[in-house]
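Structure record follows, encoded as structure tokens.
Just so it is clear, A, B and C label the chains in written order, and each chain counts residues from 1 on its own.
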Amino acid sequence: MSWLQREIRLDPRPRGFHLITREVVGALQPELSEVQAGLLHLFIRHTSASLTLNENASPDVRDDFETWFNEAVDEDFRGWTHTFEGPDDMPAHIKASLLGSSITLPVRAGRFHVGTWQGIYLCEHRDSGGPRRLTVTAFGEGSD
Amino acid sequence: MSWLQREIRLDPRPRGFHLITREVVGALQPELSEVQAGLLHLFIRHTSASLTLNENASPDVRDDFETWFNEAVDEDFRGWTHTFEGPDDMPAHIKASLLGSSITLPVRAGRFHVGTWQGIYLCEHRDSGGPRRLTVTAFGEGSD
Amino acid sequence: MSWLQREIRLDPRPRGFHLITREVVGALQPELSEVQAGLLHLFIRHTSASLTLNENASPDVRDDFETWFNEAVDEDFRGWTHTFEGPDDMPAHIKASLLGSSITLPVRAGRFHVGTWQGIYLCEHRDSGGPRRLTVTAFGEGSD
């Protein structure tokens, strides 16, 4: 049984959806490459940003995510009462819960065992979210 | 390797979003405090209530969740055909899947290793949902 | 400690929400029946289909899911720019992230330890999605 628990700090990114697969894989070496069969849990320690898996090829998919979520969770919604942190704050909380604060992936033979087109998105819902902190926990059968 | 699997019964709560972090932590003692590094999985055994992580300080954030979800998943949507369990039933099912039936959290040094502002919400989508049953599974490296 | 990691191939299904609990349980025998207490992670290796847990009795609930999601994530939304894969493609990506690419369930005494009414849905968001591949990872305390 191999265990790995580690913090990853993501540099500030603009509001929108960002592909972070490569950065996450890099931060988990060399231990990830030793997990033969297991799971990886990626968790974001914030309430106004989120994580999801989606299409990793076309930047316009990520643009369309931003456009659709801004329309679906409107900053101008008349029902907001929690407004003192700015117009982007309450929509960010809703978006974060719609998308979720963690993803869990299968690991096999030292790699994420996901579909060809699946990439990890950091979903930054604030205008100025600052750096974001992730906690990664991986566990499984090791190679020895 | 430490394992813990336990049932938690939540008393009935009114429709809305409720902070239950303290109640969950309390129900997991003393075992949780012995996990040095691991994960905790919290699962709700219902299809018309859900769990999410979000802002734990301002009650108006939770009020705005209720307002927004009621607008987004409208009881008066003309497309509903499953109506015999009441107007709040079908919207409750949709909301439950949008938010999800489980959350998974990192555990470190005997505590939930989450962000300062992250609390656990019980999302009660029915007008009279009654008591709700959770199953908690925690596992990780113990202190010995 | 018992581990199980396995692929499941689901035959093509029409666009909509489909109950697959029985098929998943069948694919995990006999190993699942030997897990005394643990977790099961079910992961879909695609970005235009998803997994969720919801009501397992009434087919009209699943029909209403399809109706509501088609209204909420409209193929005719004017904001789409990623359109070259067809009008159902970009909505499928959004729906997949709203619902999620994996579910995690408690296992006890060799069975899914879920609520009476909870079933596993394959959410097929494409008009012609083809076969879908799942990866199941289960782990827990075995019976010996």
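Just so it is clear, a contact is a pair of C-beta atoms (placed from the backbone, for glycine too) under 8 Å apart; a residue touches a chain by one contact, two chains touch by 3 or more.
Just so it is clear, the model here is predicted, and its values are computed rather than measured.
K.L.:
State which chains count as neighbours of chain A and simultaneously of chain B.
P.N.:
Output, common partners of chain A and chain B: C.
K.L.:
Pick same or different for copies chain A and chain C, depending on whether their interface residues overlap by over half.
P.N.:
different
K.L.:
Could you tell me the distance, in whole angstrom, between the mean C-alpha positions of chain A and chain C?
P.N.:
Centre-to-centre distance between chain A and chain C: 20 Å.
K.L.:
Scan chain A for residues touching two or more other chains and write them down.
P.N.:
Residues 1, 72, 98, 100, 104 of chain A touch two or more partner chains.
K.L.:
Once bound in the complex, which stretches of chain B touch chain C?
P.N.:
So the residues of chain B in touch with chain C come to 1, 3, 5, 41, 43-47, 72-73, 77, 79-82, 90, 93-94, 96-98, 100-102, 104, 133, 135, 137, 139.
K.L.:
Give the list of chain C residues in touch with chain B in this complex.
P.N.:
Chain C residues touching chain B: 1, 37-39, 52-55, 58, 60-61, 63-65, 67-68, 71-72, 98-100, 103-106, 108, 113-115, 117-118, 121, 140-141.
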